[in-house]
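The chains carry the letters A, B, C, D and E, assigned in the order they are written, with residues numbered from 1 in each.
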Amino acid sequence: ADRPAVTIGVLKFGTVSWELDVIRHHRLDEAAGFELKLMELASGQAAQIALQGGAVDMIASDWLWVARQRAAGADLTFIPHSAAVGALMVPATSPIASVADLKGRRIGVAGTPIDKSWLLLKALARDQYALDLDAAATPVFAAPPLLNQKAATGELDAVLNFWPYAARLQAAGMRTVIGVDGMMRDLGLSAQVPAVGFVFHEGWARANPAALDAFVAASRKAKAIMAQSDAEWDRLRPLMKAEDEATWAALRDQFRAGIPQRWTEEEREAAARLYGLMAKLGGRELVGNAMALPDGTFWPGVRF
Amino acid sequence: MRTPSPSWPSSNFSSCASCNPSSSGSPAGGRCALRLEIRSKRFAGREVIRGLSLAAAPGEFLALVGPSGCGKTTALTIAAGLDRDFDGTLDFGGPEPVLGCVFQTPRLLPWRTVRQNVALVLPKARRSDGTAERWLAAMGLEAVADEFPGRLSGGMARRVALARAFAVEPGLLLMDEPFVSLDEPTAQRMRALLTTMLERSPATVLFVTHNLREAIQLADRILVMAPGPTRVAAEVPLKTPRALRDDALVERVRAELLARPDPAFRLLA
Amino acid sequence: MRTPSPSWPSSNFSSCASCNPSSSGSPAGGRCALRLEIRSKRFAGREVIRGLSLAAAPGEFLALVGPSGCGKTTALTIAAGLDRDFDGTLDFGGPEPVLGCVFQTPRLLPWRTVRQNVALVLPKARRSDGTAERWLAAMGLEAVADEFPGRLSGGMARRVALARAFAVEPGLLLMDEPFVSLDEPTAQRMRALLTTMLERSPATVLFVTHNLREAIQLADRILVMAPGPTRVAAEVPLKTPRALRDDALVERVRAELLARPDPAFRLLA
Amino acid sequence: MRWRRLAPVLSLALLVGLWAVAAELAASRSLPGPAAVLSVLIREAADGALFHHLGITLARMAAAFVIAMSIGSALGILLGRSATADRLFGLWLTVFLNIPALVVIVLAYVWFGLTEAAAVGAVAVNKIPNVVVVLREGTRAIDEQYVEMARTFRMARSDVLRHVLLPQLTPYFAAAARSGLALIWKIVLVVELLGRSDGVGFQIHLYFQMFDVAGILAYTVAFVAVVQLLELCVLQPVEQRLTRWRPVRAEA
Amino acid sequence: MRWRRLAPVLSLALLVGLWAVAAELAASRSLPGPAAVLSVLIREAADGALFHHLGITLARMAAAFVIAMSIGSALGILLGRSATADRLFGLWLTVFLNIPALVVIVLAYVWFGLTEAAAVGAVAVNKIPNVVVVLREGTRAIDEQYVEMARTFRMARSDVLRHVLLPQLTPYFAAAARSGLALIWKIVLVVELLGRSDGVGFQIHLYFQMFDVAGILAYTVAFVAVVQLLELCVLQPVEQRLTRWRPVRAEA
């Protein structure tokens, strides 16, 4: 009963909440010696605000954000959760076969022009096909659900969306031109870099080392269950809000593919290189004043 | 219930055609410029007018006198066509005449200048041909033509309202106590102006007043209204030409009227 | 420029203490209930009043008559303490009296019933003790006490305004043409009411009117105002007790005043 | 009389009919028809989620509404009557009027934590400048002749406010209340999106992520029904009572 | 006179001073002080981004404003004058007033594509019911005695509108315009966030993702400056001209 509590702010129905549900269902928190508390929120921004406002101990976010916050003076730090990434999707019958074919097309992009995936796609197009996508194509930035809807009606020729949305498109019969992982590979970043992780204040981690360790252990156990058990995914169905069987399967498979296998110096260096590339591509708008990855962005206490 | 229309004792004033500037015949005969029959008019159930019957010959000047709150303004509002919610009929024996109206309060648009208040009721073509200015000058108001009504004295506002009603060259002129809150010399000037205007462009006039002297001085016929629910309680034709009605005559007629045995006249003073 | 204050030909009416219900002495002597000196009053630069000097003894009834737009209402507004933007002084020779006011227009709150309009100006304690109802009944308005003012006739609204001013039992009563748009019998009843009220609870009265007969009937002193910029152009004390002033007397005094050689009187008719 | 009672029904029928036709024509998940929305509504009502979230949102709105209307109208009347105050704080009004809701909400949450008070306060702060603007305009338009009358009779300040000023401001209060309810509703949605774990805003956003327009519309319909009820049972009767004195006008 | 010119300066100084103190006390990244915001402002202005995004947002707002004010006031006056129309469409008004901005924006984007027209239309649709509510209230409060006067003199409909009705609606127009500008600004931010690639809303969203409050405030300050300029150079002079006729009132 005296287990330390860890409060995590999550998107209800978000991919992170699946894993946390597994932890709770199998009482992995109890086993590891902590108590997992959830604060359900409606958006990623709400989670960020909750962390800044001290309402939660931990949230899920990407490390680019953490890096920038650190550069601006916050003591946030990151441990990996998922390496699953988005993809560039086109209708099954689309003539678009590679990035080169994007010339003159309308491309839906989730988020903003400094979205990581979009920057990588632009870099790739420029490096390998001498194509300036800003000029040669028509990017349309919009909210992810809106883009999926537009892809379905054919108003867009291609859609670059986050992975849960890309999975839905795939299930709906669309085809992947290239995944963001593929883009990174083509740009010479060999190691798999987990984009999304758990983010918390260093101060909290130092004050609650046992709780943090226990959480990391529970999280890895949950991932192991999710990697092996199909039955577990059946149980998670209501949380996944999958429209149909195909979507459900696509979500499951992509989640599994994204489970990070290694988190060593190699991956961290790859991340630092990726950050350098991002700083070049996205400029100050993306990374703020820190042109190199700030020290401590990745919590040193966790590696595997 | 209709006015019993008694045959009035023939007046001791002589009749004269020039009292009726349009002179299309005697007021009783000819085409009627205004025929208003109000069988009943109610406000929220309360009957205010019952069996009121008004008929004015073209160019006739009718003065309505009667106790406060009896229904004179209500009758005028109906004659103006503003209130159709009554049991009865209104017709002009022809196309609707041009209406001029002096309301019981001046009703000037506070957000338009004095000049605009007069000009705006004119047809577009005549708005800037000097008509408004001429009438304002006649009222002694040329100096305040560009002021807003809120900056006028009570009497000045009233004169603007008169200018507005006269400027449209009305065929039917409705006036609800038009000369109150004017000093006597100004009021006399206004009455003279009205008379002159009517000579130049004859109009049928419905004129409400509490000033019996004024009624005697101006009207072709005085209608004495009963207390509410109102109707015409008595009628007094005045046959002396307006030009010949001097102070002495007015006082004499007034005394004669107040001395009449009919109870309607007891409400006059 | 100050009023030259000529010594008036002594009136042919005998003086009587009962004209001054407070009878604290002759109007000229004693503590002054109202002393208003307006050296100059301007609106947007234009001078409206210059060198106006008004002094009323406690309980004195002053009637102001003068041409339309000369500045009577402006002077009353200043006396009421509503307008402090003038060059001059206002004092009551003591604490500020309770003010009663009949404005040139009734100024009833349209969103409050007739009864509330009267009650709301009373001190809280007297709002529901029947005072409002009593005054409304005196005005013949008991039937409409629960109506909103928008449903009254012009004359009825005016009587509500009178009830409101009388109900506060004023020490200083300002009245701006209070009896216009009332039929003559009603106006006479109102004048009688005013007289009775003044007898019961004496007040100093400043009374603007265009009706010279009314002024002669009611006032202790008539002030004839000059055309703007206004000042007191002439002054007429009336010494006959109010109760003895019958129609004949009023007409006689009126004729006498209109016949005076002073040009100020030429503006009266 | 009959027409009067029929009109609202007709109006509703027409609206739902048009909606059904539009949905039929669109034949898309992005505009579900009334039937689809109704079935979601019934489902949510059955499992209690609807009442839970709607109740919480309404409670937040009520608190914010009361705070915003009282503070806003006091300030609005003050700025409307005092030129000095207006000259001093007119600029502040422009500033607070135009601070993005997002900024206020984030600052409130960061400073005061993710609490109910922060949420309600953020909504109120967003709405107050709006009330001020409307009531300042109304106060400036007040008819001075009645104020002069009140001053002549030396009416107490509180009586002047209650019997002379407020009655003239009724239409402005009505406008501020109606558009205010709508604005507060829109802001509460954002507030719940950014830092609450319940309420209609939270729920609507979840549906948005699934692009489940039927779910969004179900909650919208439920809220609109509540507002319309309020309109019919509170706002309209109160307004009618307060404007009873106006002359009944013939249809123009 | 001197006081008059001094007041706004004093007011601004006080506001900035309070802000600086609050920022100093908070000593948090979530409330940067005026200096920090100014430096961001200067940086954004120097590289042209500020003018680009502000210009685009203002253009969208202007279009939406004109559409919303003209359609909204026409409908508001209609509903205010005709009890029948009000009975028929009062419910519709409640509905449209309370549809969440999100729904309108999403539907607009879904139906009309991710286009400028859809964005402007969505903003206008969000604002129109608001204008309707305010002007309906104003129209109901119109003083009938002037309308009767106009009808007696058989003034043309257009003249009645221009010389009798509109002047009485001035304060309602002013209130609708001021609160409307603020509302449109708030909605345009959401619209740009959900489906545009430029404009202040888009920019603020970027900053928000980075939790860069200084960036958000820089754009807010720039926008507020524009609105205040509009207030001083257009709204106030126009309003003053239109209400010149009101009696000058002594400070109460």
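FYI, a contact is a pair of C-beta atoms (placed from the backbone, for glycine too) under 8 Å apart; a residue touches a chain by one contact, two chains touch by 3 or more.
Heads up on the chains, UniProt names are B, C = ABC transporter ATP-binding protein; D, E = ABC transporter permease.
Please read all numbers here as calculations on a predicted model, not as lab measurements.
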Co-neighbours of subunit A and subunit D resolve to E
When each step joins two chains that touch, the fewest steps from subunit A to subunit C total 2
Greatest contact count: chains D-E
Given over half shared residue numbers means same and under half means different, the subunit D/subunit E interface is same
Note: subunit B sits from subunit A at a C-alpha centroid distance in Å of 87
Chain-centre distance (mean CA atoms) for subunit C and subunit D, in whole Å, is 51
Expressed in whole Å, how far the mean CA point of subunit A lies from that of subunit E is 38
Residues of subunit D that touch two or more other chains sit at 28, 30, 106, 110-111, 170, 205, 208, 243, 246-247
In subunit C, the residues touching two or more other chains are 105, 151
In subunit A, the residues touching two or more other chains are 45, 52, 143, 146, 149, 153
Contacts from subunit A onto subunit E in the complex sit at residues 45, 48, 52, 65, 68-69, 72-74, 112-114, 139-143, 146, 149-150, 153, 155, 285, 288
In the complex, subunit D touches subunit E at residues 4, 7-8, 10-12, 15, 26, 28, 30-31, 81-84, 87-92, 94-95, 97-103, 106-107, 110-111, 129-130, 133-134, 137-138, 140-141, 144, 147, 170-172, 174-175, 178-179, 181-183, 185-186, 189, 204-205, 208, 213, 216-217, 220, 223-224, 227-228, 231, 243, 246-247, 249, 251-252
Within their complex, subunit D touches subunit C through residues 145-146, 148-149, 151-155, 159, 163-164, 167-168, 170, 242-247
Subunit B contacts subunit E in the complex at 77, 80-82, 98-101, 103, 105, 107, 109-112, 116, 120-121, 148-151, 164, 168, 174
Counting only contacts in the complex, subunit C reaches subunit B at residues 43, 65-73, 104-105, 151-156, 159, 176-177, 180-188, 210, 212, 267-269
